[in-house]
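Naming follows writing order (A, B, C, D, E and F), and every chain is counted from residue 1.
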Amino acid sequence: MSSRHNIVSRLKRKKIKEVITSGKRMDGRSLEDYREIVVKTGVLEKAEGSAEVLLGNTRVLVGVKIGIGHPFEDTPDKGVLMCNAEFTPIASPNFEPGPPREQSIELARVVDRGLRSAEIVDFSKLSLIPGKQVYLIHVDLYVLNYDGNLIDASALAAIAALKVAKRPVYKVEEGEIKLTKRKQSLKVRKTPVAVTLVKIDDTLLVDPSADEEEVMDARLTVTLDEDENVCAIQKSGSEGFTPDEIKKCIKIALEKAAENRQKL
Amino acid sequence: MSSRHNIVSRLKRKKIKEVITSGKRMDGRSLEDYREIVVKTGVLEKAEGSAEVLLGNTRVLVGVKIGIGHPFEDTPDKGVLMCNAEFTPIASPNFEPGPPREQSIELARVVDRGLRSAEIVDFSKLSLIPGKQVYLIHVDLYVLNYDGNLIDASALAAIAALKVAKRPVYKVEEGEIKLTKRKQSLKVRKTPVAVTLVKIDDTLLVDPSADEEEVMDARLTVTLDEDENVCAIQKSGSEGFTPDEIKKCIKIALEKAAENRQKL
Amino acid sequence: MSSRHNIVSRLKRKKIKEVITSGKRMDGRSLEDYREIVVKTGVLEKAEGSAEVLLGNTRVLVGVKIGIGHPFEDTPDKGVLMCNAEFTPIASPNFEPGPPREQSIELARVVDRGLRSAEIVDFSKLSLIPGKQVYLIHVDLYVLNYDGNLIDASALAAIAALKVAKRPVYKVEEGEIKLTKRKQSLKVRKTPVAVTLVKIDDTLLVDPSADEEEVMDARLTVTLDEDENVCAIQKSGSEGFTPDEIKKCIKIALEKAAENRQKL
Amino acid sequence: MSSRKKKTKFKRYDGRETNELRPIKIESGVLPNADGSAYIEMGRNKILVGVFGPREMHPKRFAKPNMASIRCRYHMAPFSTDPRRSPAPSRRDNEISMVMRYALEPAIFLERYPKSVIDIYAEILEADGGTRTACINAATVALVDAGIPMRDLVASCAAGKMDEKIILDLGDYEDKEGQADVPVAYMPKLGKVTLLQMDGILSTDELEQCISLAIDGCMQIYEIQREALKKKYGLTEEEVEEK
Amino acid sequence: MSSRKKKTKFKRYDGRETNELRPIKIESGVLPNADGSAYIEMGRNKILVGVFGPREMHPKRFAKPNMASIRCRYHMAPFSTDPRRSPAPSRRDNEISMVMRYALEPAIFLERYPKSVIDIYAEILEADGGTRTACINAATVALVDAGIPMRDLVASCAAGKMDEKIILDLGDYEDKEGQADVPVAYMPKLGKVTLLQMDGILSTDELEQCISLAIDGCMQIYEIQREALKKKYGLTEEEVEEK
Amino acid sequence: MSSRKKKTKFKRYDGRETNELRPIKIESGVLPNADGSAYIEMGRNKILVGVFGPREMHPKRFAKPNMASIRCRYHMAPFSTDPRRSPAPSRRDNEISMVMRYALEPAIFLERYPKSVIDIYAEILEADGGTRTACINAATVALVDAGIPMRDLVASCAAGKMDEKIILDLGDYEDKEGQADVPVAYMPKLGKVTLLQMDGILSTDELEQCISLAIDGCMQIYEIQREALKKKYGLTEEEVEEK
């Protein structure tokens, strides 16, 4: 997205910064306001679980597909969860078709860490033949429109899709795996929610729009579960945060995560 | 091959179109004449089946290799046939070495559809251990010289190579697969033949040369078996056909397919 | 490395050639002198074997990793040795990150041929379940600084690393493979050593520096074992050698291989 | 006889008549960042198409001196099928991208935008049978939504054969279990077929019946496309053509 | 209490105190062909970093008109881990390359070299826990060795939680078996955190303790970096900053 | 003794004498679209070589300012071997492409075509042992067929060792089962070896015997190449060199 650097004009950059420094934002929000969040679940029929999140104009669709396959070598008796993100070329004139780039890799990995650290499901119950066959949960993050803050929207859509997902039930009979006709919930036991803040000229603000992301100095995402535990952090961007700024971010994140969790 | 767009000069394009509109062709053929077709079979020793087709200056070599491997998931008890096409860089100054492009993918898929739809062999007899091991038939289309109409030449070479192919015979003994010394025909039961027409300024002509393909408006390939059944169709090119033109193409194809089948 | 062609200035090229034609070299060596060779083994803990070779400023690290996996189809009851070379981007301003190019492929393959032809280990003793599971020996050649003659340095580091390598011992129990706690030497029985000469304006010299490689006309590598048997040869470069020059190269290589073998 | 043809006793797996389309819904202007866009549901297909351009072609040497280039990308979301499919484009995807382009190009006044490129990206979110025809239907609406001048709309649907019957607009099950599938794209005002493929076995008579039935289906879809555009723009027929 | 904190009875798997760094060794100027370089051993991590540039960016259109670009590559040798890993870069490698870049950029006077690029290549020869922090430590020294003007040094180490204890600078085993890992990079003079990630579960209090402990570790590493540079250049503190 | 050497009792698997070439057939000008081409059968090897150029190099920055570049591609058809091989180029193919280029370059007046490129594409349709030598033989004839001025022809064949005998021009079986293989390319008039590789184990004496025997083989092939060119062009020896 380096080409975007030239897209927002110098004047616009200046304007965005001025407004923010005065404690407001271009779209009228206060610094700690999220845009409107809409969560729809069960929007797809072929996926085992699905959810779409609208965060202002940012739109992310998540499909959860559940099948069986090999476990990871270091956890032979546990099911596997994998996140993958695609920035579809319809989402922005600056996205190009092709294999995942740096930013979509980061998106997938940050969402993945949140889900994994929170131990959202009991993976030890998702093994069929230890070391050989376990349940595989694919969580595909599909960005349909980009207007900033993809992490928060994607993390919300991911947990929403997992909560409604029904996995096919396989059984093991004499060493052979057979698909039954039953479906079963994934029994999601935690709800991690990501809160992203950016810093622009020493001002902290939540839920950055695309324009704000473009002029930001640094970004911090804090993912929290409902017990107020932090389960993932990611700092990004070409500036640093003071330790006090980080504390402030965590405090805001704690509050916003609780608020946004209500949308599920 | 977009660079070819500049290679045939404007004058030449004009000339080709003029001649065709008058009902003749640059090489003296009538609109419904094929160039000379030569089919040679058994031209390779290591391939289980092979054939070379010369269609004027177009030259395609097909090698059939037969081994064993996994069936497709949706047809666990059937053998597998796979077509692959390579436009070798010796075939034209405009072909480049590298992975298959749009046109070679289309070539392979159109030939493949003809063979598959015609059910040229009884794939249910090519299973060894259902769901696990079946016969794999690789049909490799190797373009050695390009002078237009690769589909018809390749389809002809493919069916010729399959007809003479001898597969190694494997047997299953106590769950283990063993190679025997026997060879056996594939028992090809149908002979699909592709006929390609192009439209240039509302004139339809069969078997286009490279120059004619370059100036064509649209292309239609109709593949027929010996019972006059259509087993594949592919329209290509940046113009459309009227329904009447399509009917006319099918009629011509029916006649030409029967004629060309005689060359086998 | 084609861009290097412009890096050494015309004047420098002329100077290098002049000095060499007079029987000396820019760094003061005689034509048949190697630069100082330092061999360190056991430099890594996680690799099953390792060695680092300094040849003047050329620096190569070799790690040997030993695991289990499938044998090659044509040697189902033998262990497998595989060489891979990486020109890391820290080794030269002209090396770029990315998949292996022509030169690193050649490096790996020439070192590999020397080890394989010399039958440095008894691969038939490295089979566990014939046709299914055998020991895999990965020899990774990692170029850390480039100053010419990568083949000799890498071949030396490879055999040094293999000599000190300890393989994990697996045992087969009722068709299942189990890792034991024992480690065992690879029992290397031969010590192939590569000697590289280049020809510059009809002068032959050993152990070329980066500058000398840049101005060389042709290159010849001769790999010999301790019984004075040749186990690999590779000619490279855009000129030829007369049969007499080749004889001379072999004679020099015989002598230098014996000398360099002392460094192990 | 025409009444028997229309009111056959034969029922399709989803209860449709042989000549009945699946439920279809098209909406335009659904993507804020695209120059034009459309969303289609055709049976259980759920597809978003975004159009970008006409814009500068990069790298420039691929630009055509006297006309716009069209690039098409047919892409299936990993969760659009059962089982999950790899996000990497398959050979099938490449071929469909190409035939989509050939289906749409004849309808666009390409010569009005020399050296530029129009990108058409179709994202299949859920796949029922006939994704390529649904993509063409949505892409046409997205092109108009992008303000790109069109000679005609391109409407597309398939006909085929199942249980010895000629049927319109095959669903997933009919696609897999049927005897033949003939996807067609048609420009109603210009009377031209711009997509025609066939898979399976048909006599030449049956093939002609299929093409004819598919063109009937295209005529119905054409009206739905026009409705979708009217809803948004209130365009008259003439305006669509000449815009 | 502060003495109890420092002299706890709890012993880590390698005998360290909770707030004790692994043995660390940094050497600069180790690669003849690089413009700057450093070798670090941090625990069992063995890492070489080479810096090239500022040099011309190719292709030119990727160059930034008013500042230098930084490219970072975190790369693990196939033999650096157990079992062997493929030489192809993984998604993890891509992410780490990115966060390394973000950790280092704030310390470099990028605006002094418009249109140019500085390449930072980290080769992990042997991997213990905390490779990314070790890479940042070595890269900083390599940047100074390359004569690139720096606002501050970037020192990096992780803190985390294992067996309910907050611990400093996690080794491989603690990385895998621990409850949380918080890698931090810090610029001591500017007082800025330039890398912060977290994996695992921590209360917000514990998280703040981890960050604070990691910053303490960074302060120690900063001294070691300065020693490594002094050894070679005899630089004073001011010179490092202003060079 | 020389008669014993030539008429040994030892018979090779295909009945040849130790110093006997496999049947060989070269035809030039076989590809209508190439600037030069040749077809060779050497034993069961069946190979087509096409030469394109001298032509403009793309991208231009790879062109050499004062000479032509040579690009070689050694490529095996998927059906050329048993079992089928993947169409993607292997590391072996890459290496052979490179040594082929080095074998041919010394024979070409590269300096006559600055900034241009000559592409040499070898397609192995069927592979017996010694494909690289057969490719070089055909490529030489194809280069002359393309009208490219040559200093000399490059003739190529291997010698090796099997069952303790030094043998010429190894077939597939001898390649696999033999003790050593020494492919050689030779320019007879210039007296230069332009390809030399070795695989297996040989004493230095045996190696020299192999090289010497392979050069004898090259001399015979050289005559066959000249015949192939005479047949087409009626070239005299001088013309070949000076053309």
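Please note the rule applied: a residue touches a chain if its C-beta (ideal position, glycine included) is under 8 Å from a C-beta of that chain, and two chains touch if they have at least 3 such contacts.
Only a predicted model underlies this, so the values are computations on that prediction, with no experimental measurement involved.
Looking at the partners of chain A and chain F together, they share no chain.
Of all the chains, the one whose CA centre sits at the greatest distance from that of chain F is A. Set against the C-alpha centre of chain E, every other chain centre is closer than that of B. Once the centre of each chain is set as its mean CA position, chain C and chain E turn out to be 33 Å apart. For the pair chain A and chain E, the distance between mean C-alpha positions equals 27 Å.
In whole angstrom, the spacing between the mean C-alpha positions of chain E and chain F is 53. Averaging Cα coordinates per chain places chain A and chain C 47 Å apart. For chain E, residues touching at least two other chains, in rising order: 83. In chain C, no residue reaches two or more other chains under the touch definition. Shown here, the protein chains touch around one cycle, each chain meeting exactly two partners.
Each chain touches the next in a closed loop, which from chain B via chain D reads B, D, A, E, C, F. Chain C meets chain F in the complex at residues 2, 5, 73-74, 100, 102, 105-106, 108-109, 113, 117-119, 218, 220, 225, 228-243, 246-247, 250-251, 254.
On the chain F side of its complex with chain C, the touching residues are 62, 64, 83, 91-92, 94-95, 97-99, 102, 105-106, 176, 180, 182, 187, 190-204, 207-208, 211-212, 215.
Interface residues of chain E, counted against chain C in their complex, comprise 31-35, 37, 44, 46, 48-50, 52, 55, 73, 75, 77-84, 87-88, 119, 121, 123, 125-127. Contact residues on chain A toward chain D in their complex (touch as defined above): 44-47, 50, 57, 61, 63-65, 67, 84, 86, 88-93, 97, 99, 138, 140, 142, 144-147.
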